[in-house]
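The next part holds the structures, each set out as structure tokens.
What follows is subunit A paired twice: with subunit B in the first complex and subunit C in the second.
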Partner chain A sequence: MTASSTKRESFDVRILRQAAPGEPSRWETFRIPYEPNLNVISVLQKIAAMARNAEGKETTPVAWDCNCLEEVCGACTMVINGRVRQSCSALVDRLLEEHEGEIELQPMTKFPVVRDLVVDRSRMFRALEKVKAWVPVDDYYDRGAGPRESQESQEERYPLSECMTCGCCVDACPQYSKVEVERRPNESIEEHQARQAEAEKSEFLGAAPISQAMLFNRHATGAMLADDRLNALSGPGGIQVCGNAQNCVAVCPKEIPLTTSIARAGRQTTVHAIKKIFDR
Partner chain B sequence: MAGTEPSFFVRHEFLIRRLHSLTGIIFGGYVCVHLFVNASIVGGAQAFQKNVLAIHSMGGILPLVEWVFIFLPILFHMFVGIGITVGMIPNNKNYPYEANWRYTLQRATGLYLFLFILWHVFQTHGWFHFDWWLNVAERWGGAQFSPYNAASSIGLIMQNMLVSLLYALGVLAAAFHLFNGVWTAGITWGIWTRPHAQANALKVCLAASVLLGAVGLSAIWGARKIGSSEESIKQAEAIENEMYTVQVEAGLIPPTEHKRAHHADSDETPELTATPASDENPTHPSDED
Partner chain C sequence: MAEQRVLVVGGGLAGLAAAMKLAELDIAVDLMSLVPVKRSHSACAQGGINSVNDTTRQLGDSEYLHFDDTVYGGDFLQHQPPVKEMADWAPKIIDLMDRLGVPFNRTQEGYRDQRRFGGTLFKRTAFAGATTGQQLLYALDEQVRRQHAAGKVNIYEGWDYLGPIIDDDGRCRGATAQNLVTMEIRAFPADAVVLATGGCGLIFGRSTMSMACTGSAASRSVQYGAKYANGEFIQVHPTAIPGADKLRLMSESARGEGGRVWVPRTPQDTRAPKDIPESERYYFLEERYPKYGNLVPRDIATREIFNVCVNEGLSVEADKQCVYLDLTHIPREELDRKLGGILHIYEKFQGVDPRDQPMKIFPAVHYSMGGLWADYERTAAGGLMPGSPRNHQTNIPGLYAIGECDYQYHGGNRLGANSLLSCIFTGLFVGPCIETALKSLDASASDAQFDLLHRAERSKKEMEHKKLLEAPTGGENPYLIHQELGQEMTKAATVVRVNDQLTAAIEKVAELHERARKCSLSDTGVWTNQNVMFTKSLLDMFPLAKALLKGALARDECRGAHYKPAFDMPGVESTDPTERRQQAELWCDKFEEKNRKWLKTTIADFDSKGDPTLSYEDVDTSLIPPRPRLYGIVGGDIIESVWKERQVKKTESGAQGVEKPANGAAEVSRDPVPANK
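And then the complex of A and B:
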């Protein structure tokens, strides 16, 4: 494998392009001169500088999102060689080992495409709102010292707090379906977003928000909202939609124990549902 | 936003999915009993008929047991299961992980079992026990199983190689679907939460599904052995008829002609030792054996 890659002069990058939301998509191939230690972001920078496809025709630069460049923000998430991941940590040499001579880039499959490789992931953040993924101390009152946290609880929670809401877990989930509401002519962004939120109201929350609900239910102060979170988790699109394919935990770049969170959510909602019957 | 009221299924999704899980476990318990009882056919016609008669000795309460533990759970589980399966987006090509394959296989076996169970209950019991309907069902290849001639009638059914193969597939699909379902139910209800516990539970569940599959296949093999020759079917029938007469005389089972084999199409009629008696419970479907 290494012998062939040292002799390599160029490689192709096939990109699924789309000009605007709701527009049809098409594949375009770019030829990149090979150099060692490239990542997908640097490839996209080269494509932007060339603005020519493999046939030598002039084309518009490919749009993509990126931010931290060290796999902690999630902005550059896309589908690379069929698998969802961050493009900043996707190394060209490894990708060419996987698939000789060509790299395939697609936008994430479960979110509305804004342009080319840029998607609108706001459904992830609306899902975090649904499960109240925060600690409720947003005021000016002096509440004194916070509750004591055990080392054990801290060690349980830390991995869950690493979630960057990148959306890999839901993109690989066979139970999570794309919801896209097209923007009407003359419709404001707010009106369109409100219709989008309404359309996804009963749709699956996905692994990340479920795990965040478990993170804050475990936190001594965050647990004040535990019942609200469990109501959301057992409402439409909640924990029950999970089909246990466990792709989420396999693709999570932060290796968060998502399936443990899902099973915990199952246990907590079981107890919560029984309690609700007898507290009625 | 003026939102439309979500559908009944969406509003009660949590409860419906949990009932789906629960009914699967209840019906799964029945399937284990069913396959183990069937496997007793390996011990011959007498051993199998003894178990079937024991089940039928419940008499009038049998339909109630059947409806609560078999028919209602499986009907609910089947139709909700179809609803769940419709919404899936399988992606095994891009994410070829072991758990993802089991996810897809769980749904594929579910769809096969949906068709298989409908066909199987029709073929053996004809779905409904109205006399006029049974006449129609028999013409269409249904209602071929006679509980009081258990081994001989299932032996006749299993003479067909294609039927045997479809049953073998059904048994293996059921064994996998049941115990993979037990494993996912353990996550759904929050019994095993950590990766290590889930991995251990999976080993136990897969071992159980292999065991149940083997038990089910042995039952098919046993039935094919009974059905392998005219002579062995006749032998089985003679044993069954004798057991029926003795049990009716002892008052252990009510005499019920519609649970016996009647060979209207064959040239010889087996001797019917019991007097034709009133048909009780002519309307309940029964597939308990």
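And then the complex of A and C:
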């Protein structure tokens, strides 16, 4: 008999909670009345509304991030039953089939925890800046259409461009480690962020920004910054850190061919390095 | 004078376009957003972006026809100059997005491919798979990141706008905002504040909108005196996937690529859909609207789907309202290439492959046509005056509104694939307008003379926050009140509107507002307190909800998405030629009367408690005279011919009569910016 055909009245959700950075974490369990077709977001909404744990004790609502609820914004990423994914597309019926009677939620493991399931992923956006993930157009005036492009090229770029910077790839990556700089008393938000950025400067970029570098190197105008991107990928925390575990591609919710991008980046940086020797 | 700066609130398409354009003009920009800008709601837009293009042009299309389709589809409720300007800019905007690297789908030869969307007979819509909004958003996000790297844009992600800061002369000099993590409240000095904060779908509880779309930024501005326009015009999208937490959009592009909407002719036929033969399927849109078929404008498709389920009892399922949206006749490879993104959503959330089985869909609240009232300056040719500081300025000088949170472009009903266009257009267009505005100021909001003003407003917000945290427990639960508000609004103010129900809803919503003031917080902490931030946005939903209901109750007519059966004008039923003509004449008389009375923008002003008072403003229809919207109406042909004869007569008598102004159109009265500016 499958779990979904069992007559179920309720199920438990075990959540790893943390009040603030630097505070200890603890598990808290919530009991949710069963309904068919729930997702983890609607479970968290119910928890917020009841603010009571499985023992019936009043508790603060669990903090979590979300926005689109249709797996296109990347906000609601967390570790669900041990696997990093979006909570909107994590369906309760399936999760209970995976693990009878209980669902386990944890914050992502490679980012500083802000509170409960909320983490700070600004490092990922800073990495996009490092690899200059943009097309360097002259200006925003009217200069006619962009470069013509074959269907083949568009079909190669489009999947890479679907990356929503959710962080699943780096959370599952053994080479990507957490960098957390504790906030000093009376330190401003900006000062703290600056120290955090400094601390992660030579840490691994991770699969997502490497793939973005390849996306822009593939574009006719984007390629005008190809050398800058390859320099960034050859520097500290660059492509050489990748240990080829291939976890990234396995967890990517958009099925982006991340390992193909990494392999391509490997080839491009090698050619780039040789070219630099001869250009000297 | 200290350096002047602009605060852009909202990091979707409109906000990002404005930030990047202002940065290009060398104006210091602070960009503020609730979520990391890359996670903004624009990412959810699926189908595409409209403009006349090289191909449609050769089939007789033009910017003017795009403009015409937009105002006709919107039932003529828009001021026409902004719409004309937008249609004129459209091809250039798509070219620019193409240069920025958006992976638009391509033809074999490598040109941008286009598909057809609702409310037009031309293939005007450029697209990037079925995640066009995401792709456009990312392209702008990348440019803003580039401007940030160049030191031209400061980005404040995770900040909630609390309201404008207005000086004694009534000019906006910045805004207050609160950090969602640290809960710090700050005053941001700014010489112009641009609101690009999107729609207010969360007022309806569940909708196709993202969780950030509470309308709170607009509401917090109207509570400082900004006017809100056409609040009652809410688009209900015909095709969404019902869900417990959200109604997920199923793009119009599914129909644009050949998707067909149907129900079994036998109510709740238990056979599998593919076992039901063609003859026993009711393709109700195709049958009733032979010209546009499945691509009638959204308001019409929505009403038909609602009608077939609710009134005709033909819902596919007995316990749930839904109809089939069928793509199974289209080759899989083509579906994957053109619609992959949305099929993936259906598959993931419903566990059914829409390439094999028709999807089950039902209408859902989708877009706010109404929004903050904003001004414009018209040229003699009928477009917008480039660089005029009036364009997109609200009635509060220095406070601007662009994107979905303004009211200007879509009138009574928005055409599909026009919203991405209006968002990017307004973002780009407003840049030089603000540049002019800044030049005319003889001070900077960052000057010492405004310190006191900023500090006072910040303290006020800190007090309000503290009061909310310390409020005596009234026992009300903000999440449950939100659910009740959503149910009430969905019942009374979506597809079909009835005055008795609206009156009852007004009372009920007022009651909920009172109860919401007595919310007990389950979290009174000072770190990442989502409970208190949600309660604040809930409280701010009420002014807009009230304006929406009041506007809907007052407007005794049918126009665009606003449908009141009691005031519907059925077509011409008679078959006798003389009688038909008489009925058509009567119909046109009634239509003219209705326009005299209701072809007006609803304007809401709010008192200190957030209760709205309504007034009305004439609409500038000087470029394209309003005409009956005759999609599928019985006797449409005779009505159209009578209407055309009247127009000819009018033009002839107009030519003999009073001389027209030089620009060929009368200046209409517009709500002036307060004289105390």
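Here is the rule we go by: the second predicted complex is superposed on the first by the 267 of 280 C-alpha atoms of A that agree within 3 Å, B and C clash if a C-alpha of one lies under 4 Å from a C-alpha of the other, contacts with A are read in each partner's own complex, and residues count from 1 in each chain.
What we mean here is this: a contact is a pair of C-beta atoms (placed from the backbone, for glycine too) under 8 Å apart; a residue touches a chain by one contact, two chains touch by 3 or more.
Remember, it's a predicted structure, so these values are computed and weren't measured experimentally.
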item: Joint occupancy of subunit A by subunit B and subunit C, clash or fit; value: fit
item: A:A172 touches, of subunit B and subunit C: first, second, both or neither?; value: first
item: Which superposed partner A:R267 touches (first subunit B, second subunit C, both, neither); value: first
item: C-alpha centroid angle, subunit C to subunit B via subunit A, nearest 10°; value: 160
item: Partner chain in contact with A:V118 - subunit B first, subunit C second, else both or neither; value: second
item: Partner chain in contact with A:S87 - subunit B first, subunit C second, else both or neither; value: neither
item: Partner chain in contact with A:S202 - subunit B first, subunit C second, else both or neither; value: first
item: Which of subunit B and subunit C A:P236 touches, first, second, both or neither; value: first
item: Superposition-derived comparison: subunit B or subunit C, residues of subunit A touched; value: C
item: Subunit B versus subunit C as contact partner of A:C73, first or second or both or neither; value: second
item: Minimum Cα separation, subunit C to subunit B, after superposition on A (Å); value: 16
item: Residues of subunit A at both interfaces, subunit B in one complex, subunit C in the other; value: none
item: Contact footprint of subunit A on subunit B as seen in their complex; value: 1, 3, 6, 10-11, 13-15, 17-18, 84, 87-91, 93-95, 97, 99-100, 102-104, 183-184, 186-195, 198
item: Residues of subunit A that touch subunit C when the two form their complex; value: 19-20, 35, 37-39, 41-42, 45, 48-49, 51, 58-61, 63, 65-75, 88-89, 91, 114-115, 118, 120-122, 125, 128-129, 132-137, 139-140, 142-146, 148-151, 154-155, 157-158, 161-162, 164-165, 189, 216, 219, 221-222
item: Contact set on subunit C toward subunit A in their complex; value: 20-21, 24, 35-36, 38-41, 43-44, 92, 95-96, 98-101, 103-112, 128-129, 131, 134-135, 138-139, 142-143, 145-146, 148-149, 157, 179, 181-182, 184, 210-212, 243-246, 248-249, 337, 341, 345, 348-349, 351, 428, 477, 479-480, 522-523, 525, 527-528, 530-531, 534
item: Complex contact set, residues of subunit A against subunit B; value: 82-83, 172, 174-177, 194-195, 197-198, 201-202, 234-247, 250-251, 257, 259-260, 262-270, 273
